[in-house]
Amino acid sequence: MQRFPDHLLNGYNNFMSGRFSEQQQRYKALAETGQQPKTLVIACCDSRAAPETIFDSGPGELFVVRNVANMMPPYEPDGHYHSTSAALEFAVQVLKVSDIVVMGHGRCGGIKAALDLDAEPLSPGDFIGRWMHLLKPAAEQIQSNNIMTAAERQRALERVSIRNSIANLRTFPCVDILEKRGKLNLHGAWFDISTGELWVMDPKTGDFVRPGM
Amino acid sequence: MQRFPDHLLNGYNNFMSGRFSEQQQRYKALAETGQQPKTLVIACCDSRAAPETIFDSGPGELFVVRNVANMMPPYEPDGHYHSTSAALEFAVQVLKVSDIVVMGHGRCGGIKAALDLDAEPLSPGDFIGRWMHLLKPAAEQIQSNNIMTAAERQRALERVSIRNSIANLRTFPCVDILEKRGKLNLHGAWFDISTGELWVMDPKTGDFVRPGM
Amino acid sequence: MQRFPDHLLNGYNNFMSGRFSEQQQRYKALAETGQQPKTLVIACCDSRAAPETIFDSGPGELFVVRNVANMMPPYEPDGHYHSTSAALEFAVQVLKVSDIVVMGHGRCGGIKAALDLDAEPLSPGDFIGRWMHLLKPAAEQIQSNNIMTAAERQRALERVSIRNSIANLRTFPCVDILEKRGKLNLHGAWFDISTGELWVMDPKTGDFVRPGM
Amino acid sequence: MQRFPDHLLNGYNNFMSGRFSEQQQRYKALAETGQQPKTLVIACCDSRAAPETIFDSGPGELFVVRNVANMMPPYEPDGHYHSTSAALEFAVQVLKVSDIVVMGHGRCGGIKAALDLDAEPLSPGDFIGRWMHLLKPAAEQIQSNNIMTAAERQRALERVSIRNSIANLRTFPCVDILEKRGKLNLHGAWFDISTGELWVMDPKTGDFVRPGM
């Protein structure tokens, strides 16, 4: 039998003897009562930016959707299936979260791909190309600037993309209504893998600032 | 200014004084060299089933896509954007992962929704309904069985859904080719929130078994 | 008699009873032997970003030219007087400094003025307008981007301007020659007034990074 | 990577653990509200005469332009860029400072260069020569005196130059008007590097006197 990866089994054993045994009652209660997370996090697939790690979150705290470049597409009730929109709907309508965090990070491979405007498709399906197409107008505008460095342009698009996703969140009627009623707060955050710094978005200006500074 | 949630900032401070300060060099190196995870995990958004927690994974280990009910849709090169397929393509074509784990869990709200065949849409967009539509034939077949309890049916669909996703993975040419060349391994796993048990799929039979037992 | 400002006299008394009395011998020696600073800093006039404060520098350490937005104009041997070029020439040819630091900072009023492309002149002489004209092509390129926030555009131009000044430094034959001989090093730095963070320019990429991180 | 100078990084670390940590709230407030200095200082680049050091000034107190020999050129609305005039305009028209201090010092290399009437240009551009040309009539007059020592002539020109700059300040319409309205005060000061003495100009007579004496 093709083995389940050893590093995952070893990690699982650590989990069982560590966190799970410490929080056994909590896991059991969460199984019985169901989850009641207050926060939806829309995060990237990147292996270096897991929200539970960065926010040191325990079980039941964060409802997390992860896709390439932590993007929220706009409201498109077109009859197709939409993975991220489904997760949003579930979080808002079923779980009734009070906060949504769009969480980006530095050195994002998806954002880098979006900035590579002349890239060849990775496969005939061109799934990355299609997905990053959501950011194409922004990527083109940023690439038209030739005085910022490549790294600066990437960081700029990483942040523009977070604001873009927050704007897209507001195209969903349920988000728009609840936010206006003061029952739902939208947040942006950006994590610097290299330094560990967390930057959060000022909701008034859209700027990213160090919290508490 | 609307505050960034305190529980996240507190958690972040724990992270910085704990794991980040212990692994600062690793984070820095990962930022500079880029991520090279060997494993893609397709997991659920559920707040109780974060893969990094369950597999006690450090930064750089797992590339994680999370959607409602950890589903991999089939290959559909239709010109629309597909969040999960984009993440798959990125993991396989860019990061060249060697293992893909479809990871389900017990008491999954998405699976429960899929089994509620007469449910009203949660919103006019009916995003959850559309998304769980991917499982509709399986859900109908399971619901037609009236001698299993509701909990048993749910657990059954949770596992059927994992096998379904693995079958869908193989509809992607890149996955199919690499698996046949022995360069890519597909795995299923299922986590019991209540007991902490991990079950892994026997690739030959499709059964879920306790690893090492 | 119109009084010399009290706050300056009070500060001067602090200086005399503090630093000067501690470093009296050093001041005396510096007066007799002349200054031999190793570093020229091109800094902004801003009251919040004095180089001696930020680098905790003692007497004799830094030769400092300060103008609005810490700009180095290009080499223009046109027979007019050029304040900053004169200071550069003095530092390089007379004092033979080994390092030049172009030091910018956040929330720079000069950079903000440069980005206000439609501003009315502040006076018939329009001195600020003429001075910031040195940055006009960069400012126009950055303002053509409407998806970065105002603060992000300002920070981008603050950094572009530092690179611009470093490029202008190299248009001076004496700088170019000495740098190529390895006798003169050019550096960029950017200070965040709000957080106190110092970012230094990577000479290879032009990116700004936290030193030692 | 060519390193940022260690002595600057060490100094910066002192600043962060010292003054910045003591005045963190002040820096933050200054960043948010913007600077509101009441005083413009026109000072020399000399490494031994930093105004913030001599006046023991904290962040936000002094708006400082520094050029060789702390000179204010006359009003020349000729369409060229003028670094010092731009700084003056910014301080008076935007920041609305109430005091301007022209601050000279002993053993000034720029003044010494101005007195060397037969000096060869330091470079083909002759930037120092052109800049000190602003003082040429005064330098010639002082050098025509052959009974003062070289040191006496230098000190004399240092003070003449301060009065010269104050006269030039008054050629700017905005300075002239505001001074006549009693909203702007012009001051001269001269610092003796060797003894630490500060001398301030009596606005009526132009003499330099020890303040409070």
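Details
Going in written order, the chains are labelled A, B, C and D, and every chain counts its residues from 1.
Assume a contact is a pair of C-beta atoms (placed from the backbone, for glycine too) under 8 Å apart; a residue touches a chain by one contact, two chains touch by 3 or more.
For clarity, every value in this text was computed on a predicted model and none was experimentally measured.
Leaving out chain A only, the rest of the assembly separates into the touching groups B | C, D.
A straight line joining the Cα centres of chain A and chain C is 39 Å long. Centre-to-centre spacing of chain A and chain D amounts to 52 Å, using the average Cα coordinate of each chain.
One finds 15 Å separating the Cα centroids of chain A and chain B. Along chain B, residues 28 each make contact with two or more other chains. Taken chain by chain, the contacts run in an open path, each chain touching the next and the two ends left apart. All chain pairs that count as touching, in label order, are A-B, A-C, C-D. Against chain C, in their complex, chain D makes its touches with residues 1-2, 4-5, 7-9, 11-12, 14-16, 18-20, 24, 27-28, 30-32, 34-35, 37-39, 45-48, 50, 52-57, 59-68, 71, 73, 75-77, 79-91, 93-95, 99, 101, 106-107, 109-110, 113, 122-128, 130-134, 172-174, 185, 187, 189, 192-196, 198, 200, 202-204, 211-212. If you check the complex, the residues on chain C that touch chain A are 138, 141-142, 144-152, 156, 159-160, 163-164, 194-195, 205-207, 210, 213.
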